[in-house]
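Shared between the two complexes below is chain A, which pairs with chain B and chain C, respectively.
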Partner chain A sequence: MKLLRYTNFISQTFKNSISEFFAYRVDVFMRLFMGILWSIIALAVIELIFYHTPSLNGWSQSDITLLYITINLAFIMQDVLTSSIYELNSHIVNGFFDFIITKPLDSQFFCMFNKPDPGTLIFFFSYNIPLSYSLFSHPSSIHWEYLPLYVILVLAANILWMLMRTVLLTLNFWWQKLDNINQILNSLQDIGRYPTSIFPKSIQIVLYTIFPIAFSSVVPVEVLRGNISWLKIIGLVIVLIIFATISRLLWKKAIKNYSSASS
Partner chain B sequence: MGKYLAVFKTNMQAALTYRGEMTLWIITSFLWVAVLPFVWLTVYGSQESIAGFNKSMMVTYFMLIPVIEALTSSWIDFTIRDEIKEGKINAFLTKPMNYLYKGFWGENGWKASRPFVSVLILLALYPFIHNYFYLTFHIRLIWLIPVLVVSRILNFIISSIIGMVAFWTTRNNWATQIWWAIQTVAAGYLAPLAFFPSHIQKIISFTPFPITLQIPINIILNTVSTDQIVWELGKGVIWILVLGLLLIALWKKGIKKTEGIGM
Partner chain C sequence: MGKYSTTFKNSLSVFIQYRLNIGLILVSHVVSLSGLIFLWLSVYASGQQLQGYKLEQILVYYVFVALLTAGIGDGPGTGFDIVDDINQGEITNYLLKPYSYLRYRFLYLCGSICINMVFVLPLTCIGAYVMRHAFTFPSAMGWVIFIITVFIAILFEFLMYAIASLSSFWVTRGSHFIYATILITSLFDGSLIPLDLFPAWAYRLMSYLPFQFIIYTPIQAFLGKIHNPIPLLFIAILWLVVLFLILQLLWRKGVKKTEGVGR
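On to the complex of A and B.
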């Protein structure tokens, strides 16, 4: 019964989002255009780097292109399914959160899934198609036999990013004026576009622990390059469990401390 | 002038009230460029310099980006868009002050303390990057003042033009995105423009972008001649005149069109 309530909620929110999506048809073209525009910028960056060097610490141009694609794919779930979590700060400040906690649904679930954004998929396709074209037009050493493992790791990376963002945005319960806290993760996304080996050891440790960005791009791409490290894959599982636990515990603590801001 | 000074002071006080938010913005602006020095240092490898930039100059270049940005950038398009969208702009039209001047001085007030925080963050980073820090004191530094003024006005005008798009369509995020995308490459956020192939440099030199970031940093690094600074300043003034006229035209047309939705 409880599960049915949650599945009904998800299907209803999707229906609403799709209706809204078709109400703003111009957005379809704009997202398409934006995807292509940003992919051109990404390709320009990669071209510029490889204009000055044949390889980036042993990573070829196609490897870096693959990193760009992978870090982008690691954002699909959070941008399509859980984009509503971005509104948490305004819900708290405007007092809308008071209504959320009275609903017969888990408040964290509601905040994450109440407004999916399927239109974002257009951006993802239009961004990744030119990059994929570039990937295949350069010599690459992709081991296609590891594609299923790559897909699993990218899915795990998606969940990891969702959890990281939820943890970070939950801090809004304590610091409401930090409505730009989300920008930190956007900035960190850039780090995932490059191999961790270009950073000093101390930063590499951070990228596998506190901000485990490496798991969402470098580790899956290394698998496709044929360098499978089971230690890193186990590390990803452990990090996922830790972030899921932190996300839940922090949310519960936040709810306990929450006092209405507007009423 | 007194009323704009009051707007300046009020916004400066507001920025100081929300110190956490301001600091977070500045930290993210450092984070955003933090990855690129590592990328370029890897590209350098054993090379001493690329396009006249040695390693220290290149790292300093990226560390100066957030400082220059704190001084000259403009995000007024977000404010203008929201005020048009919510109908708040009508309230300003009845007030005895110019809407754009109010925006300019308000934003200056909001930004006034940012350069100090940027410099503080830079000082905090200094022990980690002192081997790669390149600063020289030279007479040409005096040119920094007019260049920064022109850059600030130019950024404000361009951002205002983007904001004005909201008179015609309230879903104008695309205009900001296009601006960001082009600016990222053409202003020199990815690398000094000297790193680009010569034909790209030639195209960029005709745009208003170099003076918004590249020229101020080049003045600090002493990699630009006085003749070139004067030329860039002249070009900046011409762009201010052209874009300023466009802004006034858009404002006059937009005001006639606005219906005060949301009032």
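On to the complex of A and C.
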């Protein structure tokens, strides 16, 4: 019964979002344009880097392009499903959160899934197609037999970003007007576009533990390059469990701490 | 004039109130740019060298990119605020009063820049002291040119994002235009890669565009690489006039089109 309520909720929110998506047709073209623009800039940056160096710590131009594609893929699904969590800050400040906690649904679940953004899927094509074209126009050493494992790791990376984002945004319960906390996530996404080997050891440890973005970019790409490290894959599973636990515990603590501000 | 000085004071109060938010934006800029710094460190470690830049110079360049972006880079925030005001109809409140909305927004941006500077200046002093052997401080004339270029950068930052945000008078989601401006600017203002590292034809083309004045030109002025500022200032003033006229034209046409129903 409870499960049915949650699945009905998800299907209804998706229907609403798809209707909204088609209501703003100009938005479709803008996203298409943005994705293409984004990919052109990414390609320009990669070209410029390799204009000055033949390889980056053993990573070729096509490897870096693959890294750009992977970090984007690791973001897209969670952006489609849980983009509504971005609104948590305004829900708390405007008092809408009072309304959320009275609903017969888990408040964390509601905040994460109440407004999916299927329009983000446009970026899947508009961003990745030009990059993929560039990837295949350069010599690369992709091991296609590992593609299924790569896909699984990218899906896991999506869950990891979702959890990291939830943990960070939950801090809005204690500090209001933390609009720029999203910028931290964007900066981490920027860092994920570089091979971890270019960073000093201490930063590499941070990138595999506290802000484990290496699992969402470098690890899947290494698999596709044929360098499978089972230790890192196990590490990803452990990090996922830890972040899921932190996200849940922090949310519960936040709810206990929450007191209505306005309505 | 008193009403505008009150606006400026109010914006200072607002930004002082949310210090943590400003701290987060500073951290995010530093995190984003650290990737680029380590990337070029890795390139230099492999024995490659960038034309015209020693390792220390490239490090100084990126430190200044971080400081300038954190200090004066609030243009997108201003743009998003204008988009919200237009979309939510708040703009009509300003239109009914003897008060220039665009001047108000510019002063609001200046307020945020002043507060950012409180955070950025101590970091700049520390950075300059740590890297004092990597560059020579500008001469008295150099300082004058640097301060003028920073002031010009603030004007460009405002004009570009204000123009992008006025698209909200015609489209539902003007925020896309802000994102597009962020993307285009990031490539052409020298914040990702110094413009003189682009191929010669691209560098020549970019030296006639307005984007260079936001980041690249102030840094070049500080590093003493601008020997004859007159042609550069001429291009800057020309672009400022053009952008100002475009802003005024869009504002007039947009206001004519606005309907303030229910206000």
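Quick note on the criterion: the second predicted complex is superposed on the first by the 263 of 263 C-alpha atoms of A that agree within 3 Å, B and C clash if a C-alpha of one lies under 4 Å from a C-alpha of the other, contacts with A are read in each partner's own complex, and residues count from 1 in each chain.
Going forward, contacts are C-beta pairs under 8 Å (C-beta built on N, C-alpha and C of every residue); 3 or more make two chains touch, one makes a residue touch a chain.
Computed from a predicted structure; not experimentally measured.
Once the two complexes are overlaid through chain A, chain B and chain C clash, as defined at the top of the document.
Applying the stated contact rule after C-alpha superposition, one finds that A:Ile198 touches each of chain B and chain C.
In the superposition on chain A, contact of A:Phe125 is made with neither chain B nor chain C. Of the two partner chains, both chain B and chain C are touched by A:Gln183. Residue contacts after overlaying the shared chain place A:Val26 against chain B and chain C alike.
In the superposition on chain A, no contact is made by A:Trp174 with either chain B or chain C.
In the superposed model, A:Tyr133 lies in contact with neither chain B nor chain C.
Common to the chain B and chain C interfaces on chain A are residues 24, 26-27, 30, 33-34, 37-38, 41, 44-45, 48-49, 51-53, 56-57, 175, 177-181, 183-184, 186-188, 190-191, 193-194, 198-199.
For chain B in complex with chain A, the touching residues are 18, 20-21, 24-25, 27-28, 31-32, 34-35, 38-39, 41-43, 45, 50, 169, 171, 173-174, 177-178, 181, 184-185, 190-191, 195-197. Contact residues of chain C toward chain A in the complex are 18, 20-22, 24-25, 27-29, 31-32, 34-35, 38-39, 41-43, 46, 48, 50-51, 171-173, 176, 179-180, 183-184, 186-187, 192-193, 197-199. By the touch criterion given at the top, residues 24, 26-27, 30, 33-34, 37-38, 40-41, 44-45, 48-49, 51-53, 56-57, 175, 177-181, 183-184, 186-188, 190-191, 193-194, 198-199 of chain A touch chain B in their complex. Of all residues in chain A, only 24, 26-27, 30-31, 33-34, 37-38, 41, 44-45, 48-49, 51-53, 55-57, 175, 177-181, 183-184, 186-188, 190-191, 193-194, 197-200, 203 touch chain C in the complex they form.
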